[in-house]
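Down below are the structures I want you to see.
What follows is chain A paired twice: with chain B in the first complex and chain C in the second.
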Partner chain A sequence: MDAIADRAFENVPSGNVLKEQDETPSLLTVILDLNPLQWRSLKADITLKDISKSLLVMLNSHLSLNSSNTVAVLSSNSYKSGAQWIYPKPLETDDTETAKQRSHAHLVNPTMYRGFRIINDSVLEEISSILDMEPDRFQDIGKRGKDDSKGKVKGTLVGALSMALTYINRVQNTNDSTSIKSRILIVSTSDDLTLPYISMMNCTFAAQKMKVSIDVCKLGTDSTFLQQACDSTNGVYMYINHPSGLIQYLTTALFIDPSLRPIMVLPTNTNIDFRASCFLTSKIIDIGFVCSVCLCILSIVPHDEKCPICHSQFDPKIVKTLKAKPRTLPLIRKKRKLDSGAGASEETDTSRAATPAK
Partner chain B sequence: MDSDEEFGTSLSPEELSDDAIEVADDASTPVAGISNRTRKKTVKKVNQVELMGQSGGYSWEDEYRRSWDIVQEDESGSIESIVSGLVEAHKKRLLKNVTPFQRGIIRTLVLVLDFSKVMSEKDLRPSRASLMLSYAIDFINEFFDQNPISQIGVVIMRNGLAQLVSEVSGNPFDHIEALNKLKRVEPQGDPSLQNALEMSRGLLMNTPTHSTREVLIVFGALFTSDPGDIQKTITHLQKTAIRVRIIGLTAHVQICNEICEKTNFGDSKNSYWVILNEKHFKELFMDAVIPLAVAKSTTEKFTLVKMGFPSRVANFGTPTFCSCHSKLIYGGYICPSCKANICLLPTICPCCNLMLILSTHLARSYHHLFPLKLFSEIPVSKAYESTNCFGCQKSFPSKGVNSELVHEAEKHRQTADFITSSRYRCEDCRKDFCIDCDVFVHEVLHNCPGCEADNLRLDEE
Partner chain C sequence: MSAIKGAAAYKKKAGMLSLNEEVIPPVLVWRCIDDTVAIPLVEVQLDKITNLKATPATSEKMMLKIITNDPAATVPATPSSEVVFSFNSRATMEEIQRALQQVIARRKASLLAAESARELSLSGTPVPQADTKRSQSLGPQSGSDEETLATLTDPQKLLRNHQLQQKLLMSNKKLMATFKEVVMNSGLDPEEFWSTRINLLRSFAVQNNQKRGSYNVLSTIKPVASSDNEVNVSVTREKIHEIFNQYPIVRKAYDDCVPKISEGDFWSRFFSSKLFRKLRGEKINPYDRGDVMLDKYLYADADYDGEEEEVETSPSSKTHPTTSPSGSPVQKKHKSKNIDDIHINKIIDVMGNEEDNSQKLGNAPDITMRAGKNQDMLSIMKTMNRLSRRMLKSTGVDIEEEDPEKEEQENEEELELNDLRETHETEYNEINFKVNSNKHSDLIKNIPKDSSPLNPQEWYAEFLSELKGYFKVGIDLQEVYNSDEKKKGIREASHEIERLVRQNARQSSHGWHAIKFSASDASSLSSIQDQSVHNEDAEVDPSFLGLDPATIEQLRLTHSTSVEFLCHFWLGFNESATADKAKLVQLRKLYLSIKKCQDRVGATINNIEERFKNVKNEDGELVVAKARELMDPLSVSLDRAIQKYQLAMMPTSGNNA
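Presenting the complex of A and B:
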C-alpha cells in the first residue's frame, strides 16, 4: 500500500526509525467533542465522565513517556461558545476561578504527581464549567429566536482543529532548537452534516503540510470526512464499537507515535469512500463533470449550460460532445435488436449519465 | 539573429534599500489579484510624503539610522513594546489579494530554465544554476501541492538549443528526478528564447481547452541567440493562447518584456520581473504557484470536464499489475468506467482516457477560489479588549500604549511605525490574532479559527 500513501509522508526514513524516536519530545493535542445532544444519545453506552477518565489516563501516560512531552486539550461544542481551549488555558485573574477549583478539588487526589494533577484539575474544571453553562446557552438561543429546527447546527470541530493547528504552528516555530513532534487526537461524536467540507479539507491539508497526524476516535455515527482526514495525514481512524472499553482503544492503537506507524500493523480501515457527491443533487457519483472555473462537481450537465455555482457560461461545443450519446455501429445494433433485452438496458444506462434532468 | 537590446540596470537608488522596495511594490496597483503586497501598506497609505525622509528629502539622502537609535524607552523604562514591534515589522507579511477571481485552476505549465554559460556565475550562492535548480524543485513540490490536477514539463536552454528534460506530466517525482540529474550538468553556450518557446509551444499545443497554457522562464542571460525571427514565434504564441512569464536574474531585457507584454494582453508588469536578491527570486518563483486569473479580454469559453472518482480497494488478496506502470501492487484504485487498476492519482486512465482524481484533490484548490479575508490591524490605543491570541493563546503585550508615547514617537517617524498593538482582527468574527497566526492562517490554513469556532454564524446566515 505504500504506493498509495500520500507523498508528504513517503520520505520518512524507514531504516533508522527506532534510533531517532527515543528522545524527541512530542505534543499531543486532544480535541473533545462536547456536543450535549450527541452525548445524550450515547448515554446508554458511555458517559462524559467515563470518557474524561479515560482521556486523563491517556494524557498522563503520554506525559510519563518523556519528561519533555506536553499535551493540549480543546473542546468543540455546538451550543456554548463554540470551540475553546481547555488546557493550556490563558491565565485569568478571576475570583470565580478559585471558587471553581474548590468545588472540584475532590475529583483529583491532592497527593498525585504534580505534572498530572495540574492537567487533570484544569481539564475536569473546564469540562464541568462548560457543562454548567450549557442550560443558559440553550435559553439564550431560545431568546434569540433561533432554534435547531430553523438553522442547521454548525459543528465547531473545524474551529477547534484550526486553533490546535495555530498552536502547533507556534510551538514548532518557537522550539526551533529542539524539534518537537505533534499529533492531534479527535474524540468525535457529531456526524458529517455539521462539518463544513471546505474548511475541514483546508485543515487536513494544513496538517499534512505540517506533518501532523490526525487520529480520530469516533463514537456515534461513522464519518467520511474524518476518515479522509486521517488517511491523508497518516492518522488512525477508529470507530469505537464498544465504548465501555474506550481506554483500551486510547492506550493502544491511538497511542502509537506516528513515526512508529510504518512498522506497526494498525487496525485502521483502508477502504475509504473517496467518491464525490454532486453539488446539485447530492447524489454520490463515481463519474461526474467538473466545472473548470470553480471545480464544483456535477452529476449532470445543467440544462442552461451555465455553472450553477459560479455562473460561468460553458462552451456549447464541448457541452454538445459531453451530452452526445456514444456512437454504436449500425451492424451491432441490428444484432442487438434481435435480443432486445440486453441491448436496451445498456443504452439507457449510458444515456442516463449524459442527459440533463428535466 | 541576435536580439540583445538590453536596458542597463534600471534600478534607482531607492530600490536598492530594503525599505523602499515595499514602497515601490505598492505604488503599482494590484492587478489581476496576483500581486503581493505587505501588510504595512494596507494600513498606511503610501504617498509621496512617505517617500521622503525626515529631512524632507528622499530617504536615501537621510543620515544612516542605526537600529538602536529607533529603540526608545516607554514611560516605565521598558523597551519591550518597541522591540516586539521591530520584530513584527521584520516579519514581512506577503498577502494575496483576496477578491475572488476566476482562475484557471487546471493548468499546463512548461518550466524553461536557462542553462547557458552565464548561469555558472556565482553572484547567487552557491551558483546561479544550482540555486535555480533547488528553487525549481521547491516550486514543483509546491505547485503540485496546490494544483494537484495540473501538469508541468521542463525544458532547458543550453548551447543555443532547447532540450526537453522532463515530459509534460502530472507526476512531481519524475520532474524532481530529472532536475536532480541536471545538477551534474554544466551550464554551457548561449540561450535561445526562440527555440525554447517553440519547443514549449509544441508541448502545449495538444493540451485540452479547459487547461491553461503557461510558460515560466528563468532567464539569466542578457541576450538570446535565435535561429530565426522571434517576432514570428511571439505571434504564434499569441495565436495558441500561451501566456509567458519570465523571471530575469540580471537586468531588464527588452525582448523579454515584449514577449510577456504580447502574450499577457499588454500586461508585462505582472508577468516579467527581475530579481533583487535570493529571497526575492524565491518569492517570484513561488508566486507562479498561484493560478493565473482568467484574463477578461479573452473570449475563452469555460468548460465542463468529465472526471472519474475511483474508489480504492485496499487489497485484492493477491498482488496485481497496475495498468499505468505495470508495477506489482496490492490493491489500488479502480477506474469507474473501464475497471483498470491504477496505482497513483491523479492521472489520466491509460485505458479509457478518463481523468481520474479524488475529490480531495479538488478540495486542495478551493482556497484559491474562496480566499480568506485579510485581517485588519487594530490601531494603537490605551486599552485592548483581548489579552490572548485567539488561535495559539500567545498573550499579547497587555499594556496599552500611552498617548504621550505615541506623540513622542511620532516625532521620530520610524519609531512610530514600530509601535503596534500586535493584534490583528478578523472582521467577521471580531477575534484577535497574533502576527504569527495571521501569517499562518492566510498562507497555510486558509480558515479563520475564530469564524469556524463560532457556533452561531451558520444560523444567522
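Presenting the complex of A and C:
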C-alpha cells in the first residue's frame, strides 16, 4: 500500500488523547437495506449475497480488534417485516423445533473461530428467514390483513435507525464500568424518496446528541438526507463507485473507530446538498416559507392559511403580502436618434404600471 | 524637617548654618556659636545667589562658596560678594549643596518664565508654565457631547449624517473599496448603500461618542531627570484641572500659596514635595527634603472635599487646625460627606462588630487594624481608596438613593423562607402535531426506472426465489477477496479512498481546523481568538487555491459589488407589489445594474484568461478554470434574479427590451 502523501492525521495538541482511548470497546451497529426491488436493479454490480459476505468479514474484523467489542445488525425496508433485529436476536418464545433447526445450519466454514462463527451463522439465518417471509408475487406486496394501503409499503430505514439508537442508549447506560462508544453503519440502496424527512432529521439530531456517528455505504443513487445525517454526526458518507471492491471500503473508510474520529481526516464526501424537503409537498427546496411556531418548512403557502403541523393560523395580511405577485415597470426602449432624444423615453409608464396586485 | 541645618565655619569661626525657606525670599542664615565674635550673623538671600561652588569630593577640604548678585544684600558687606563656609562633615556639606542647587534651579526657571512671560504678554498669548509641554488632552472629547443615545441612533439622522459616513469609510478600508466600486463607479444610490448598513453607522456613532473616563492624573506625571540637576515634569492646563478635581487639597494649597509665589514656582515646589509623593501613593522617604510650604498639607485633613465653612475661632473646637502661611487665625471646619463620619454607637454597630472579629484571621487583628505598624502601607491604601471614591463620585453615575423603606422590604423578603411554598409550574403552550410524515415514503412507487423489463410482475417472482435461495447454501467468506476481479476492485477502491482523504486534507488545511490544531496547547486558544477577532480584516491567504492576490482581489471586488446590487434588488423586488412608483423606478434601475453586473463578471473572467494566456498552458488553464468555478455561484444567482424579473415583466409589456 503506498503511503498517503498528505497528512491523514491532523496534529493533536498534546499526547493525552491517545492514552485514554486505547482500550475503550466500541459497538458497531449495521443497518442493512433489504429492499428486493432495489437489489434487483443493482444485480449487475453487486448482489445481496456479496454484500452479506463482505459485511460478515467486516463484523469479524471489528470483533477481533478488541475483546469487548460488540456488534448489532438490523434489517430495514423489507416488505413484510419492515425493520427487524437480526443480531442480537431479541428473546422470543421460540419454537424449540425451529431453534434446533437453526442451530444445526452451518452456513459458514465450520472450522472458523467459534466466536465469529456463531455470530455469522445467526446473522445469515435471520436474513434468510426474513427473506422467506417476503411475498412471492408482486401483487401480494402491501397486502396485510387489512386493505388500507393498496400496494403501498412504507420505507423503514428510519425505523431501523431509531431502533438502533435506542439499543445503543440502553447499552451505554447499562455498562457502568466501561464506557462503550458506538457508531452506526447504514448500507442503503434506496433513494431519498423513501425517506421521510422529518423523522430522518429527528434521528440525526438524536444521534448527534448521543455522539454516535452515522456512516453510510451508498449503492444505487445518492441521497441528500443521508449525506446531511453523516455530516452532522461526523460520519463518513461513501458512495460506492467500485462495488467489487466493497470489502476495501468496508474495512478502511467505513471502519474508523469513534475514538479516532477527531484525529483522522475522514474520507467523506464533502459536497453536501443541504437542502430540506417541504413538509407539505415533500419536494426538495432551497427557498421556502417557515412557520414561526413549529418551524416547519413549506414550499407553498397552504390554502387554508393554517400550518399543516401545528394548526396555527397565519396572519391574513402577511399571507396576502407573501402571495402578492411582484410588480415591475416595463423597460424603457431606447429609441434611435431619429427623433429628438428628449422625447424618446417618456412613454406610457403611467398607463402600464397599474398591474392589479392580487 | 523643613529647615536644613548643619555645622559650618565661616571665617574660621564655628557656627550653625540653616536654610530657612519659610521666609520669602528664602534665606541662608549662619549663626555663630560663639557670641563674642564680631560677626554674629550672616544672611544670604537665596534669590540673589548666582553661583555655587563646592570643593570636589576628592579633596580634603570641604568648602562651599556662595556668590551673590547684589552685594548690598549680604550682611556684613563683603567686597567680593561671596561667602565661604567650611564644613567638617562632607554629608552636611552635600546636603546643603543640594538644597541650594534646588533653590537656584527653581529661581532660574522662574526667571526664565518671567522673561518669557514679559515677552509674550505683549502678544497676549497665555503664559506657558515653567516646564510645560503641549500634550494630549485628558478631558472629554470635543464634539457632539450633548447628543443623547436616542438621537444618535435614529436611522434617519444617521442616513443624513454625511460626516459620520465619511469618517466610517475612512476607518474601514474594505467598506471604502466597496463603496467606491458600487456607488461611484456603478451608480448605486448612496442612500440605498447605507440603508442596509445602518447597524454599522449606529455602532460607529456610539463608538465615537464615548468619552474616556477620568483616571488618576498623578500617575501619568513622571518626573524626568535632565541635566543640570533639573527635573522636568510636563503638565498641561487640562492635567492641572484634573489634579484640582481629584485632589482638592492641592487646590487649597494653590489658592493659599499662589498669590505669594509665582505659579511656576508653586508647581515646581509641588512636584518635588512630599505631598506629591503621598498623593501618588508612594512611600514617603523620611530623608527626602520635600518642600517646606507644601508639606504642611501633608497633615491636613486628607478627606478634604473642597468645601469649607468658616467657624468662629474657639480653642476648644474639635476642628483640625491648619496653619496657612498667611497665619490667619480663622479655623475652618471641613465638611466631608463620607460614610465613616456617620457616628454609630458601638453597641448596635452590627457591621462594625462583625468586622471586628479577632478570630477571623487567627489572633492577630487584620493588618489594617494594627496600631502603630504599617503606617506607610496604610497611608498608601487610604490614599488610593480615597481617590477611587472621589473618581467614582465624579463620574456622575446615578447611584440610587437607598430608600429606607424599600431597603427594609428587600431585607424582609430575603429572610422569608420560600422552600415550603408551592412551586410554580411553568406552563407550556401545547402544540398538537399531526404526524403525517411517513405518507410520502413509498418503496413501491419509486421503483428505479432502469430495471428491465419494465413490468416488475414478470421478473419479480423469479428474482425473489433467487433471493431466498441465497442463504440456504453455505458461503465461503474468502470469496470476498479471492478472485481477480475482486482484487482489481479492491485496488480501485483503495485509490479512491486515498484520493478523497488527500482532497479532504488539503481542504481542511485551508480552513479553520488547521489553525486550531497547528498551535500548541497554550497558544491554540489565543490563535483561535485572534482568528475570530481579525476575521473581518484578515488578509486573503496568498496561496488561496493557487491564485495570485491580484486576481483574487479583482474577483472579490466584482463579487462584492454584484452581491450588493443583488441585495438591494431583492429587497425592492419582494416589496414591489405594494411599492409606489418611485420605488419601482429604482427597481428597474437595479435590474439594469444587475445585467451590467453579469457582463462585468464575464469581463473579469475574460480578463483573467487574457492575462494567463502567456503562462504555461497547464497552469494558466487551471487558474482560469478556478476563477470560473469561483464565479459560478454568483452568475447563477444573477441569472436567477434576471429571470424572475423578466417573468414578472411578461404580462404587462408585450415587448421586452
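Here is the rule we go by: the second predicted complex is superposed on the first by the 231 of 358 C-alpha atoms of A that agree within 3 Å, B and C clash if a C-alpha of one lies under 4 Å from a C-alpha of the other, contacts with A are read in each partner's own complex, and residues count from 1 in each chain.
To be clear about the criterion, a contact is a pair of C-beta atoms (placed from the backbone, for glycine too) under 8 Å apart; a residue touches a chain by one contact, two chains touch by 3 or more.
Since the structure is predicted, the reported quantities are computational estimates derived from the model, not experimental observations.
Which of chain B and chain C touches more residues of chain A: that partner is C. Within the superposed three-chain model, A:232 lies in touch with chain B and out of touch with chain C [touch as defined at top]. In the superposition on chain A, A:255 makes contact with neither chain B nor chain C.
Residue contacts after overlaying the shared chain place A:310 against chain B and chain C alike. In the superposition on chain A, contact of A:220 is made with chain C only, not with chain B. Looking at the shared chain after the overlay, A:326 reaches chain C, while chain B stays out of its contact range. Of the two partner chains, chain B and chain C are each touched by A:293. Legend: residue contacts after superposition of the two complexes on their common chain; A:190 is shown touching chain C, with no touch to chain B. After overlaying the two complexes on the shared chain, residue contacts for A:77 are found with chain B and with chain C alike.
When the two structures are aligned on the shared chain, A:198 is found in touch with chain B and with chain C.
Common to the chain B-facing and chain C-facing surfaces of chain A are residues 1, 4, 7, 77, 79, 141, 151-154, 196-199, 269-270, 293-294, 310, 312.
The residues of chain B lying in touch with chain A in their complex are 102-106, 145, 172-173, 209-211, 294, 301-315, 327, 329-333, 336-337, 343-344, 354, 358-360, 362-367, 369-370, 387-395, 433, 436-437, 440-441, 444-461.
Residue ranges on chain A touching chain C, taken from their complex, read 1-2, 4-8, 10-14, 35-41, 43, 47-50, 52-54, 56-57, 60, 77, 79, 106-109, 120, 124-125, 127-128, 131-132, 134-139, 141-142, 151-155, 190-191, 193-199, 220-221, 240-249, 252-253, 265-270, 279, 282, 293-294, 308-312, 321, 324-333, 349, 352-353, 355, 357. Residues 1, 3-4, 7, 76-85, 88-91, 141, 146, 150-154, 156, 158-163, 165-167, 169-170, 173, 196-199, 201-206, 209-210, 228, 232, 269-276, 285-295, 297-298, 301, 307, 310, 312-315, 317-319, 322 of chain A are the ones touching chain B in the complex. Contacts from chain C toward chain A in the complex involve residues 431-434, 436-438, 440-448, 450-451, 456-457, 459-461, 463-465, 467-468, 470-477, 479-481, 485-486, 488-494, 496-498, 500-509, 513-514, 517-518, 520-521, 524, 573-574, 576-579, 581, 584-585, 587-588, 591-592, 644-645, 648-649, 651-653, 655-657.
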